[in-house]
Amino acid sequence: MNAARLTCELRLSRGDFALDLNLDLAASGVTALFGASGCGKTTVLRSLAGLEPTVKGRVALDGATWLDTGNGLSVPTHQRAVGYVFQESALFPHTTVRGNLHFAWTRTPAARRTLDVNAMADRTAISHLLDRRIDGLSGGERQRVAIARALLTGPRLLLLDEPLASLDAAGKADLLAFLAELRRETDVPVVYVTHQVEEVARLADHVLLMDAGRLVDRGPVAEMLGRLSLHASPEQRSLAVIDATVSAHDPEYGIARMDFDGGRLEVPLATPPVTWEARLCVDAANVSITRTRAEDSSILNRLEAVVEAIDVLDRGHVLVRCRVGETLVPALITRFSADSLDLAVGSPCVVQIKAVAIT
Amino acid sequence: MLGAADLQALGVSLLLAAVTVIGLLACGLPLAWWLARRDGTGKAWLEAVIALPLVLPPTVLGFYLLLLLGKTGPLAAVGLPPLAFSFGGLVVGSMIYSLPFVVQPLITGFENIDQRRLDAAATLGAGPRDRFFSVALPGARSAIITGAVLGFAHTLGEFGVVLMLGGSLPGETRVASIAIYQHVESMDLASAHALSAVLVVISLVLLVPTYILRRRSRS
Amino acid sequence: APNDAPAPPARIAVAANFAATASALRDAHESAGGGRIDVILGSTGSLHAQITAGAPFDAFLAADTARPDRLVAEHLATAESRFVYAIGRLVLWSPHIDLVDPAGDVLRGEGFTHLAIADPKTAPYGAAAHAYLEGAGLLGTVAARLVTGQSVAQAYQYTASGNADLGFVAVSQVAGRGSHFIIPDDSHAPLEQAAVLLTDHPDAQAFLHFIRHDPDARAIIAAHGYGLPNDETRPDARRR
Amino acid sequence: MLGAADLQALGVSLLLAAVTVIGLLACGLPLAWWLARRDGTGKAWLEAVIALPLVLPPTVLGFYLLLLLGKTGPLAAVGLPPLAFSFGGLVVGSMIYSLPFVVQPLITGFENIDQRRLDAAATLGAGPRDRFFSVALPGARSAIITGAVLGFAHTLGEFGVVLMLGGSLPGETRVASIAIYQHVESMDLASAHALSAVLVVISLVLLVPTYILRRRSRS
Amino acid sequence: MNAARLTCELRLSRGDFALDLNLDLAASGVTALFGASGCGKTTVLRSLAGLEPTVKGRVALDGATWLDTGNGLSVPTHQRAVGYVFQESALFPHTTVRGNLHFAWTRTPAARRTLDVNAMADRTAISHLLDRRIDGLSGGERQRVAIARALLTGPRLLLLDEPLASLDAAGKADLLAFLAELRRETDVPVVYVTHQVEEVARLADHVLLMDAGRLVDRGPVAEMLGRLSLHASPEQRSLAVIDATVSAHDPEYGIARMDFDGGRLEVPLATPPVTWEARLCVDAANVSITRTRAEDSSILNRLEAVVEAIDVLDRGHVLVRCRVGETLVPALITRFSADSLDLAVGSPCVVQIKAVAIT
């Protein structure tokens, strides 16, 4: 991959709030923007889209400079080719769903067009809504329309602000799969704001953690999700993110065998997979640690590991970061357990992961 | 009941009102859009200036316009054909006089458009012109209809400016309101009543569907 | 530019108070074979301003002599064409049959609440009524009850609609209804109404000639309640 | 430069415009609110009727009002005091004539208020009156200012209706627009210009802060 | 508890969508309304609030009839004393945060007032925003203000439409704790719409599951969350909901001992609890099953159980509902494990729950 990058320096101040952010990202893949409410995530997306007139600094994507206030340059929003799903849906109420999609489609240069209106409506499960007016949609339906509309423009940068917030579990899973597919098929860089670690884990390559207008941590998704609990309260879950390939599928039991660089996992999978690559996520709270193998449990996956770090989160919780081959698998356990298992950095151990806890 | 002259005056009135409204929308929409996006005292001054034609009595405004647009006025001095006593002059006069009625509701309408929709349109590739046509105009539809109706009705009933500037030339600048005035002045009240009634009925016939249309566009 | 289209009708600007009479004159003129005439009404002041600004009028029948004189002075009209075509007569009138006594003493009493008058500043009839009231020493007693119309037509509308109990109007407006007292001509400057020709439009020339000399025309003017000048025979003091 | 009479006329004009606007808002706000919540052709008819005073020339409208509101009119017949030649009558006449300029922007403004806010107010315990005052009025603030400005300016310049209905009683019904007209008609152009200029300046002095205020309320 | 109940029959039809719902709920506690996007949840809340003019049927709360279209009765919204947090925030933009809260406070009869504006702002962590205008708030800040505003009215019925959707994990946890406290302190019935099972588990007493305008299942929260996966795809997680009392707290290890009717659980708890009652939730995917006890694992909680039902969700997944005392603990395991453990209805077994997976 050559050096196509998204770089930005953003500075903005607004009452008590000041944004001061320097970024340099690979211009492909999904970057999750994570942080507490009010920390400035929306402001960053708006600045990238050219919607914050008071922002100062520089933004350049893949060689093209969009903002350089030092040199008085600011490319207007409509020439930036960003796709933006706003936090509060900003659909056009004067027309139908089809009208909203059509609006985006007609303004997209032929070269950037991918799916047409009907195909996109199909992929986002809104075909039955095409002739509805916007005020006849439920909250989740609106969100799907907004996503479809943003994707239709074949953007060079996709900005998603909590796009799945009011979707039900099934709808969320469908759209996540669709977004993951897009991520594989195109190399449009995506900046994705969400409060849901699952979404980050599923989609992101890279995670930025913001606080009060500043970047406080960043890293590849596996690293970052493995230590997310360190930054915040234990409510903020850490996750293992494991990129694996399917090596076998047992159609009888609906179980797939997945290989990754630290070993093999068994994961329930009702039907044979369409692609051989998959990303697996495991909540650190669902990973348990033993010193020896227990054989009669329902827990299918037991992996040899080495303790790499032990962080005490509070009096009760300990985050044990285990290395399984090259892969980081964090385990959130009680401090009591950690003591009784006599774990220390470097200890060999077995991490147990229930097959169904792998998603 | 109505003589040929009255019918002719009615025709001139309707034509004048239609042309004036079209002209006012053509100038007023961009102007209002521009003003709605501006801020500060400069804008307030401009808005106030737009409302000024209203505070002068129409005949007096017509008188000043006559001085401005007439044979001896500054426009004629720089070589432009004098607009006084022509249909074109009436259009100009009516536009100036009805401008606030059209532009003010438009400004309010444009200001009420949710900024998020304009932002969304920009991210979908719509430039400023495009946003104006595809988001602002539909979004201000109700205000546009209000402005157009006020401008149309006001032009139909306008009298002072039109009489002063137009000179009541039959078939060209004699409009229905002048004809009614002339009937009243010549104490031909029956004709005055009849022409007034016709004007009112025509206005209803035009306005009621317009208002129905405005409602339909909302739901 | 020369073309074959028929010449446009003559446009005669007429002071509003003469409107009804002018229509009658036009009809008579046209039925006597004269060319087509468009009557354009307005206040004398407005019409004068319009003519000054280049209005395409062919002749002007004013409600006074001042504006025609001014036009002559401004070389917008020829002195030869100026003549007095009618002399207005002022009447104190009420639609009630018994309100106005033949001597006009009603003005001295309390028998009315509103007395209508045309604007003395802008309308000759108003100025005349004002002069009468002043001369009769009545101005003080009626001042609080005066309602002022923009023109004599409005003074008439106030009175005819009953909103003013009585009013100073033109004889031409009342046609013998109700009760009235004709104001003596010598109590105010004569209400002479002068006409001028503004172009050499033949129909306009013909129409002015008709008004000035034709016995039928003069009869129509008289029938509408105007006095007639002695014209050629009576030397006009104000003439240059 | 300005005579005492002119100053008095100016005072009457400003008072009339102020009273008219207050009266128009008092009637127009509830009326517009009611209309904005209604639908269907009945509503369209009513809106069209409100616009009708505009299509008649003001003098003619004044003439009809004189017949209607005068001593011999139907209102006097049912025992109401006649309104002709009184300040009260002028207020009524001006209100009728300026009604559409105030009510139409208000209707549009009220229609634009987000229904969700009204719903939210209801769940917070606000009854219909309360919602009108606490949500609709602030929400339509910009439209209300627009309507008030148009009504105010139009009343200042109004001439035909005022003259016809008022009788130009000094200190009571003789307004600045009549005074200017008189100056123009009597070719006292200097006074006309002076009074016009004063009217324009006063209007600016009143309008500019109003517009600044309207802007401030939005950000 | 006496028979204070919320009963409603709602019928409404709107294009393709038809609502037809009969409900009879205890008028206290939290009822979660659950269902796919577009199934009519918002419509139900709006109908209860009196905001759907076309709805037909009956609504009665605690003896007072709010709607009875058969008899032409419909109490207007402002007299129903409902607190409503809308799906899209409906704050008043013409005033500040304080103005919004004040609006609610001044319209609340003294008898229904609980917290005042400042106290409520404090509890919902918006004190620092009080003088901000609404358009100067981030998405999450708006949501907190909307919640505070609705709670200020001391409602007789609280309607919450995805109130926590755009909050970060910490904010969500805080507000959930606050709502749970409210639930304990007052007996205001709450109807709670959400797509997040965690929220349901934490708060709800009762769950209604809707589909296409109809009620498809209902039951107490433990039952319902124990079988939620049965209704939908395996994405829809089942949970164990365990009401327990704290019997001991180990300050050294930050672990509390919690007793419930099926035994004892050890749960990490950094500081001693403020209340002795607590509701514990465990994701079925985090529950593992063994036939015998394994002693050396980091898993602290092992409970004797009996298999009550085994449902095959798809080829790969099995939901094993285990009874621990009176409490239902569902375990989501692979069908392979279920077979290899030779589980059948009635089998005794041991359910293992990691302490940190208990939330």
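Labels for the chains are A, B, C, D and E, by order of writing; each one numbers its residues from 1.
Keep in mind that, in the parts below, a residue touches a chain if its C-beta (ideal position, glycine included) is under 8 Å from a C-beta of that chain, and two chains touch if they have at least 3 such contacts.
Given the structure is predicted, the values throughout are model-derived calculations rather than measurements.
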> Which chains contact both chain D and chain E?
Replying inline: none
> By count of C-beta pairs in contact, what is the leading chain pair?
Replying inline: A-E
> Greatest Cα-centroid separation from chain A: which chain?
Replying inline: C
> Based on CA centres, what chain would you say lies at the far end from chain B?
Replying inline: E
> Where the CA atoms of chain C average out and where those of chain D average out, how many Å apart are those spots?
Replying inline: 36
> At what distance in angstrom does the C-alpha mean of chain C lie from that of chain A?
Replying inline: 90
>> How many angstrom lie between the centres of chain A and chain D, each centre taken as the mean Cα position?
In response: 59
>> Based only on mean CA positions, could you tell me how far chain A sits from chain E in angstrom?
In response: 26
> So which bits of chain A are touching at least two other chains?
Replying inline: 88
> Hey, what residues on chain D touch two or more of the other chains?
Replying inline: 63, 178, 181, 184
> Which residues does chain C have that touch at least 2 chains other than itself?
Replying inline: 46, 49, 157
> Touching pairs of chains, which are they?
Replying inline: A-B, A-E, B-C, B-D, C-D, D-E
>> Per the contact definition, I'd like the list of chain D residues that touch chain C in the complex.
In response: 63, 66-67, 70-72, 82, 84-85, 163-164, 167-169, 174, 178, 181-182, 184-187
>> Which residues of chain E touch chain A once you look at their complex with the stated criterion?
In response: 14-16, 35-38, 42, 87-89, 128, 132, 136, 138-141, 144, 161-162, 165-173, 195, 197, 232-237, 250-255, 266, 268-271, 283, 285-286, 288-292, 294, 296-300, 314-317, 331-339, 341, 352, 354-357, 359
> Of all residues in chain B, which touch chain A in the complex?
Replying inline: 114, 116-117, 119-128, 130-131, 134-135, 138-139, 141, 217
> Across the complex, what residues on chain A touch chain B?
Replying inline: 46, 49-51, 76-84, 86, 88, 90-95, 103-104, 107-108, 149-150, 153, 159
> Okay, in this complex, where on chain B does chain D touch?
Replying inline: 39-41, 43-45, 47-49, 51-61, 63-64, 100-101, 104-105, 107-109, 111-112, 142-143, 146, 149-150, 153-154, 156-160, 177-178, 180-181, 184, 192, 196, 199-200, 203-204, 207-212, 215, 218-219
